[in-house]
Amino acid sequence: MTDQLTQAQAETQAQAETQAPIATGATTAGTAAVTTAVTKTRQSQRVVSSRKVFQQIIRRDLRVAMRQRSDLLNPLIFLLIVITLFPLGVGPGPDILGRIAAGVIWVSALLSAMLGLERIFRDDFRDGALEQMLLLPVAVELSVLAKIVVHWLLTAVPVLLITPLLALLLNLPVQAWGVLWLTLLIGTPILSAAGAIGVALTVSLNKGGALLSLLLLPLLVPLLIFATAAVEATLAGVSPAGPLALIGAFSVLSVTLAPLAVKAGLRVSVN
Amino acid sequence: MLLQGRELQSVRGERTLFSDINLDVTSGQLWQIEGPNGAGKSSLLRILAGLLPPQHGAVLFEGESIEQCRERYYYDLLFIGHKAGIKPELTAIENLEFYAAVEGLEFTQPPYELLAQVGLVGLEDIPAQRLSAGQQRRIALARLWFSQTRLWILDEPFTALDVSGIALLHERFQQHLAHGGAIILTSHQDLQSMSYPVQRLTLRYQH
Amino acid sequence: MWRWLHPYAKPEATFHLVQKLLPWFLVPGIVLSVLGLVWGLAFAPPDYQQGESYRIIFVHVPAAMWSMGFYVAMAAAGLLALVWQIRTAELALLAIAPVGAVLTFISLFTGALWGQPMWGTWWVWDARLTAQLILLFLYLGVMALYVAFEDERAGAKAASILALVGVINIPIIHYSVYWWNTLHQQSTVTRAITRLEAPSIAPEMLYPLLVNIVAMMLISAVLVMLRLNNEILRREIHRPWALKYLGIAVSTPAATTGKE
């Protein structure tokens, strides 16, 4: 780190020297001073690496999210409330609850995911950062992937943290907790990836979530089926490896193909 | 030839905004796109920036279609549109650091002088959303002071700026042109009195 | 390459091509529909187990088959629209979507009608019915997305992307739904409905069914073609060729807008 800094400073000096003739040509010396505050990695050959852009987008978006934390918390509270409503609706008998727990948790997770989904691109669309993202000198798919990763970190990780609580509230037998958690871990990237497609298509419309849910929920049916099947298999004493592998495959497929669709969708939306 | 527009046409809904627009931008040139509201000035800029596909025609960067050399083009393009891309939750410095980093640059120290240059002294640590429209605009335009890109496409850069801000921007334009850069902008301002030559392209409102 | 093609040359050519093809679909479509329905409803023997009520397969099965086929066709049009920027393909997608949705609805509706005497209930979470229901949602999504856009071309592009995402997903959805269905125990009655569609179906029932399948395709294609040409005319109403076709004297553009 310190090594990098000193190198950067050395370059500043070198640049100040090369900039000297420019400074005399410029109307104010102040501008020249300002220009020297920036270093190029190599004179006139700055390098824009994909990895760096990817990291920068993630860093910026996490920082933005940390300054509006209530947006992150609300879907989580919604999830908890929906989970609370089920025992009230179907009765608190532990056998009923335990049987429907996996399905209820997953359906609730899908619904709560729909709530906060628009965040992926909505704010960026409004303030113009989305346009700037499309104008970055790296593949758009890469920037989109960064947005998907950020969304997953901000929405799925909190859900993963409170999963034991949800399982507890719904009397899910303890031997299935691990599998439920695993389904959420490998299944939630699908939510973020498919969600990004839906939001990319609808971000320029001021229609809100209903349309988004209509577009996305049918596409997420396989996820729900595989996830609940995995938990049920565990409860029945069968290996959940099959459905888990299916979720994994679906997840890999979604995350790799979604950026292409998102890119096409954003092109339509920024017009 | 830095940037060329060839027979560009844009259609919005049923209405043809413009057609057969040709544009040759060489380094050292400033192009001002003029025309009444609704004539398609912003659309032309967005087409040139590759954000909007033209209905007909092509945009070439150094002789190559911008779709073919997308990454090379965007490496050398700075576009500031109507919406400037400043995150309201972040401070001026955080915003600028991001845009410097994705251009492959790095601030060795927080760019206080730069902010002082554009008249944002003392506002470095305030989230952009608490600043006025003009101040937010200045954050976006501050990118011009460190950007190493050769081509700037600016949509109404003078809006929401005060007299000193406008003078500052003119000065920066002049430097950029003197270093072989090129600028395409839309503005209602009369730029003819400036010390640098201005090429003009006038779009007419078409029914 | 498409960029250098005049964007308005295409719809006109498509319009005339479709006009020429239309009778070749319409006439056989009507003939085969009448033949297939009369044969199936009046002359085919009753099923030994289901009696007369099985005859609904002559509508149900073709509708179910083509509801899927038209989704694939719609996605293919979407691909053309996106990759080669063919404007007529956008219009084709929009022409296909409601027809496909209606086919899906017919298959669901007739499935429910059939289910009533068979299972004693209108709806059973049978794999086929469930998959059809999800397919209907996919169609509705594509249509809802299109109408949500004010700009018709942007809407068509967005709908194309969604249709493509959907068509990649359909095999996964189908697989998952069928798998889900086998996981949860299936009543023996549910299987009765699928038995008829197995290749073991008696030839006296199979031939009228095949005729109906072809007829349904032709009639649906005719509907798509009519919708497509209406849409082309509507979009091109100001162009001389469209006015000429409609028999409106070309005077001033103002006069024609009044006509519209």
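Each chain carries a letter (A, B and C) given by its place in the written order, and its residues are counted from 1.
Note that in this section a contact is a pair of C-beta atoms (placed from the backbone, for glycine too) under 8 Å apart; a residue touches a chain by one contact, two chains touch by 3 or more.
Please read all numbers here as calculations on a predicted model, not as lab measurements.
> Closest chain to the protein's overall Cα mean, using per-chain Cα means, please.
Measuring from the global C-alpha mean, the nearest chain centre belongs to A.
> By mean C-alpha position, what chain is farthest away from chain C?
Result for max centroid distance from chain C is chain B.
> Round to the nearest whole Å and give the separation of the Cα centres of chain A and chain C.
Taking the average C-alpha coordinate of chain A and of chain C, the gap between them is 36 Å.
> Go ahead and note the Å separation of the Cα centroids belonging to chain A and chain B.
The computed centroid separation for chain A versus chain B comes out at 30 Å.
> What is the distance, in whole Å, between the centres of chain B and chain C, each centre taken as the mean of its C-alpha atoms?
Result: the chain centres lie 47 Å from each other.
> For chain C, give me the residues that contact two or more of the other chains.
151
> For chain B, which residues are shared contacts with two or more other chains?
Chain B, residues with two or more chain partners: 53.
> Pull out every residue in chain A that's touching 2 or more other chains.
Where chain A meets two or more other chains at a single residue, that happens at 271.
> Taking the complex as given, what residues does chain C use to touch chain A?
Within the complex, chain C contacts chain A at residues 82, 134, 137-138, 140-141, 144-145, 148-149, 151, 154, 157-158, 161-162, 164-166, 168-169, 172-173, 175-177, 179-180, 183.
> Residue numbers of chain B touching chain A in their complex, please.
Touch list, chain B to chain A: 46, 49-53, 71-75, 77, 79, 81-90, 94, 98-109, 111, 113-114, 117, 127, 145-146, 148, 171-172, 174-175, 178-179.
> If you look only at chain A, which of its residues touch chain C in the complex?
197, 201-202, 204-205, 207, 211, 214-215, 217-219, 221-222, 225-226, 229, 232, 246, 250, 257, 261, 264-265, 268-269, 271
> Under the definition above, what is the set of chain A residues touching chain B in their complex?
Interface residues on chain A, with respect to chain B: 5, 8-9, 12, 22, 25-28, 30-31, 33-35, 37-41, 44, 46-49, 52-53, 56-57, 59-60, 63-64, 67-68, 123, 126-129, 131-132, 134-139, 267, 270-271.
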